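Chain naming follows the written order as A, B, C and D, and within any one chain the residues start at number 1.
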Amino acid sequence: MAAEQAVNLVIVGITLGAVYAVMALGLSFIYGITKIFNYAHGAFFTWGAYFAWMLSSGYLHLPYPAVVVITVVIMFFFGFGYEKAFMYPLRRFAGWDITAIIVTLGSALLFDNLALALFGTRAKRMPYLVEGNFVVGGFTITRHEVVTLIIGLAIMVLLILFLGKVRQGMAMKGVAQDQTGARIVGIPINKIFSYTFAIAAALAGVSAILLAPKILVYPTVGWVVFIKAFVVMVFGGVGSIKGTAIAAFILAMVEAFVTFYLGGIWGTPIFILVLIIMLTIRPKGLFGTW
Amino acid sequence: MLEVDQVNACYGEFHVLKDVSVRVSEGELVVIFGPNGHGKSTLLKTICGLLPSVSGRITFDGQPITGLSAEKIVEMGLVYIAEDRHLFPGMTVLQNLKLGAYTPHARAKEAENLEYVFQLFPKLKDRLNKNASTLSGGEARMLAIGRGLMSQAKFLAIDEPSLGLSPIVRRDVFRTIKEINTGGISILLVEQNVARIAEMADRTYLMEDGRIVFEGGKDEALKDEHVREVFLGI
Amino acid sequence: MVVSKILRKNAFMLGALLVLALLPIALRGNAHVLNILSACLIWGVVASAWDLSIGYASVWSFGHIAFFVIGGYTGAMTVMYLGIPPEAAIPLGGVAAAVIGILIALPCLRLHGIYIAMVTFGVHLVLSTFILRWRDYTFGATGLSGFERIQLGQYVFSSSVPFFSYYVIFGVSVLLLFIIYRVINSTIGLAFVGLRDSEPFAKSLGINEYKYKLIVFGISAFIAGLMGALYTSFYGTVSPFMLEVSTFLMVLIMLMLGGLGRFPGAVIGAFVITVLSEALRPLVLWRFVILGAIVITVMIAMPQGLMALPQTIKSFARRVTQRKQIKKDSIKTSSI
Amino acid sequence: MKRQKLVKLIIGFGLVAVLAISIPLVSGCTSPAATPTPEEEPIKVGIATTITGALADDGRMHVRALEMARDRINAEGGLLGRPVELLTADLGNYTPTELAAVRDTLKSAGVDMVNYNWAVYPAVTDYLMEIDSLVMHHGWVSVDWQEWYDNKDSFPYWMTLNQTEEGYGVPYFQALTNPEMVTWDFPNKKAAIIVCDLDYSVVQAEWWREEAERAGWEIVLYEIHPVGNVEFGAQMAKIRQENPAIIFMSSVISTEVIAAYADFLENPTDSLFVITWVINKPEFWSAFGEQADGVLGTVPGFFMVDSAYTGSNPEYQTYYAKGRAIWDECLERYGERPSLQTICADDSFWVWAEAVERVGSVDDYDAIMEAMFDYPYVGATGTYGFDRDTHAGSYQAGNVPLGFYQIQGGEVITLAVGEGENAGKNIEKITDFQVPWWLE
């Protein structure tokens, strides 16, 4: 019996970890490459969830694969447009990175409340990606959790390949490491910035699709995930995919086990305590690079 | 090949470049001297599109490039090699070189250019998979120049290549620059160190307080009294 | 001579102070408006204290709303359980916040930027757990209320006695803003700015980074905590609702809208945001949508914040005239 | 140099002046423009409720009740011949600034009565008392009421419809294990309790738990989670391991209950899923549709939503007729079923309106209250006889019936109604219990 309990908890931890990691990677991407701390990332998640909801159980009732694809595409353009509309105009001035922070704060306020005004406070439910369970030995694992894990890991692998092998990805890494250097070799910074936001928003959309069936869709849902993603990003070290993934799994496991043994109320405090201990040992997170 | 005509530029609220006109013909190696902080680097950055100019005209290969973005200018073959190098510290030497060939134009000739860079700097070939941050000053300088060449450069704008290098390394660097130039790439070089480079230059300019105060052909600079006074203390 | 010089040098601030001092009389004690003004002042001081940390010392603390709430709870609880007179409880709130601030600064000493933000935000996240768990004393989510208020003769310090209370808040705010102003212009302030602008250089001058980090945490947490206690006493209630993201977001927006490191920008930001958010109240659900849109628009139009407005205009004008001058000159020279 | 300072000065003065001018303009929005003649001067009813924030749905349900009541009374010629006017003030997220704004706007508008739902936040009580007009509070949360009770000497004009919170954990457990109501053989005597960290929910859970333990049940999980928590993976892991016969979720926040139930549905155990207050909220059933079938819940007050009352109790028939009328009107007018909030708000309005009619004045608060004490009011949720000490229409599940519900076919069906101290033991059965679909 104890084994089943442990396995269940590990599964909870791993699936949550995969989602946090995807979300944190987006945040880390934006911060690492553009040096903007994007407060609106929670709002990206919220809107990704609302788009998915509108396409699925809300209005259009499309088949799920279509929902996933369309949501990701919408979020990609959402992020792209967001950068073009709100971040790009700021960049004519020196010290724009600080201004950008307040614009992201303002847009978090705007987008959260837009969702509230349009859809109300009432929480919306999203169907699971796939219904049903696998029964392996004595353990029951839901299909949704398996899919979540696969998608999460696939995204991480794809990102590592993208940044390491693909020219555009390497260019992004280049911008992260030295913006002037990137301009010297002819990397179009403005485009890279836009695509960075676009990819990050698409990642937020993916994590919304994966997590929303569990934690619902409501106007402030993004903040719950945003704060966790923030902790994960810092814990793993900004810019390190490996670090983010490990941090996400560690923290999600800690949370699952603490909630189980000590109660849900201690989840956050222990989460933070682990982070502080970690940062005292390694001030730049597990694998901070950028 | 490059014509800078009456260019003015400001750094914040400081008026740095004042009616600067510079000309580089095809295949030439032109050197701009001048004391530190008198606008030489600003001129190169303005030419390469990293800083906007306030007025004036810059043409490259017969096409106006004033106000174009840095990436378009690189695409045309005008490549800037910065004084503080701006390498990608977290990437390997090879990755740095590959990113040098970012523009579509350069990508087509990537293998060819890589070959050329290794031929010029055989040392880089040994360090291919080392992180750029681990290179010594001279190696980093070589990598910066090599990365510039990877951009399929027709024209290099090099900012103080000798800065912070030991005399021996410095000589190596200068020799390589000359070699590149003889290979058919025009070069505009900014330097404080007159004595050595002036011998190699086809033409020289002297810049003081944001203005061009002297222009001369091969070997003329070292004979000019004002230049000698300023730089050699004679 | 000296007096007139001081007057001239601080004309803006003195003028603003005079108007703020006379407003209640002009408004004939309109309770609603006076309470809004009091809220403006309180948030103005909190935002300024926060600015001391973020704007001047460039220590990205995200714990200031937590310090504010800690001050509030300390103030209320010392009055309720220890029987301390409410006047004394208010500075005690500041002391408690400063102690927590310095404690949390310790693990932050070796950290930078966003890592400090996370650790300090940790305090914010954990605080509500402690308040809820310590139910016997804090009454959990219900919050505390009904504790003794400051009383001066027949006047009670409370939002239901707006005229008197406004002047109390005005006095405390002016005093604290003056202290912040002095800190900014003291050697401590200069050290902050030095560390912000060029850490290696500041270190070479013998400025001890750790020491100043502790000082900045201490001072700004003290002021935030004190204002928290004052706020709690003024409104007669404190609860974990204050720790919701919305408060954090609004105060951070006030601070940044005014302009980072541009005293008294944060105060102006607090006035603008508080008044705007009251003015937009009739819009109900669309209120914060519009507020967010205004913030974005203002920042895109004036990226340096409200406080830099005169400067932005001036430098813009200067750049234009400079450009014109350059163009004129080059035409002249080229025609020669 | 001098000119610059002057410019600064002018900008400074200008800025502050603009602010100073804009504030009165803002507050001007709420004050009426013209003064009508005394006989047709409207009676102002203030509504203190949550229009925005996490509890906005409750606020909407609250305001709807009063809008319907206002239109009904105005169509009949008004109250004492004067039209009734509503003034809604938003409690939002209960920040002190918002509370002060509610108080200041309602006070300056000179409302004759303040209608207030509930906040689990006693500070609201403090602020409403300062308005100095009669407060009609429709209850269920003892902290709000307790705050008034502790200060009753300084402010007597507070009336609470229901003060029943502590009563309903015990009868709820009793009803669940009452074979007359729940016709299902419990596979074990284990219960898991998930509690939201709000006093209101914690108190209920404590009473429920005590009663369960008294009846020899084993509590395999007693988990208090932070307010607003939406991740229940770890709790469900434990539940899946223990497989208890009852999962009791004590939370007033619909989002939490929906999230927990959604997680439960992913891999249901052999348990009854039992909730409290949220069962009456359209938020809950609209999120699940048919999937919500089988969930059990309870709400104090006679609240027949989807099922008709077919019993013999004549009092209940009166309640039902009244409740049904509001229900139909709400559905027709707003296209949505009411929640208990709506029905109770309606009752709290008419208690007051009836007393005002009896007295013939809106501002003689003492007389109005005397009228309430003297004449019990028969409403849609029960009969309210106000107590002179507690000022409560029903006290600790006393005279107001308690309803036990199950969602069947996507509708909230009343299984049984009970009353008094043995509300859970001595019940009147209304509808048959259905074994939830996941147990079949």
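Here is the rule we go by: a contact is a pair of C-beta atoms (placed from the backbone, for glycine too) under 8 Å apart; a residue touches a chain by one contact, two chains touch by 3 or more.
All values reported here derive from a predicted model rather than from experimental measurement.
Q: Strictly by the touch rule at the top, which chains does subunit C share as contacts with subunit D?
A: A
Q: So, comparing C-alpha centroids, which chain is the farthest one from subunit C?
A: Between subunit C and every other chain, the largest centroid distance is to B.
Q: Give me the two chains with the most inter-chain contact pairs.
A: C-D
Q: What's the distance between the Cα centroids of subunit A and subunit C, rounded to whole Å?
A: Whole-Å distance between the two chain centres: 31.
Q: As a quick test, compute the distance in whole Å between the mean CA positions of subunit B and subunit C.
A: 49
Q: Give, as an integer number of Å, the spacing between the C-alpha centres of subunit B and subunit A.
A: That pair's centroid distance is 42 Å.
Q: Any idea how many Å lie between the Cα centroids of subunit A and subunit D?
A: 37
Q: At least two other chains touched by the same residue of subunit A: list those residues.
A: 116, 265, 268 - these are the residues of subunit A that touch more than one other chain.
Q: Mind pulling the residue numbers of subunit D that touch at least two other chains?
A: Only 52, 197, 226 qualify.
Q: Which two-chain combinations touch?
A: Contacting pairs: A-B, A-C, A-D, B-C, C-D.
Q: In the complex formed with subunit B, which residues of subunit C make contact?
A: Going by the criterion above, the answer is residues 315, 318-319, 322-323, 326-327, 329-330, 333-334.
Q: Contact residues on subunit A for subunit D in the complex?
A: Within the complex, subunit A touches subunit D at residues 1, 4-5, 8-9, 12, 15-16, 116, 120-125, 128, 133, 140, 142, 144, 213-216, 218, 221, 224, 255-257, 259-260, 263-265, 267-268.
Q: Tell me, which parts of subunit C touch subunit A in their complex?
A: 107, 110-112, 114-115, 117-119, 121-122, 125-126, 129-130, 132-133, 245, 249, 252-253, 256-257, 260, 285-289, 291-293, 295-296, 299-300, 303-305
Q: In the complex formed with subunit B, which residues of subunit A make contact?
A: Going by the criterion above, the answer is residues 94, 167, 170-171, 173-174, 177-178, 180-190, 289-290.
Q: In the complex, go through subunit C and note every residue touching subunit D.
A: Subunit C reaches subunit D through residues 8-9, 11-13, 15-16, 19-20, 23, 26-27, 30-33, 35-37, 39, 128-129, 132, 135, 139-143, 145-146, 159-160, 231, 234-242, 244, 246-247, 268, 271-272, 275, 278-279, 281-282, 284-285, 287, 310.
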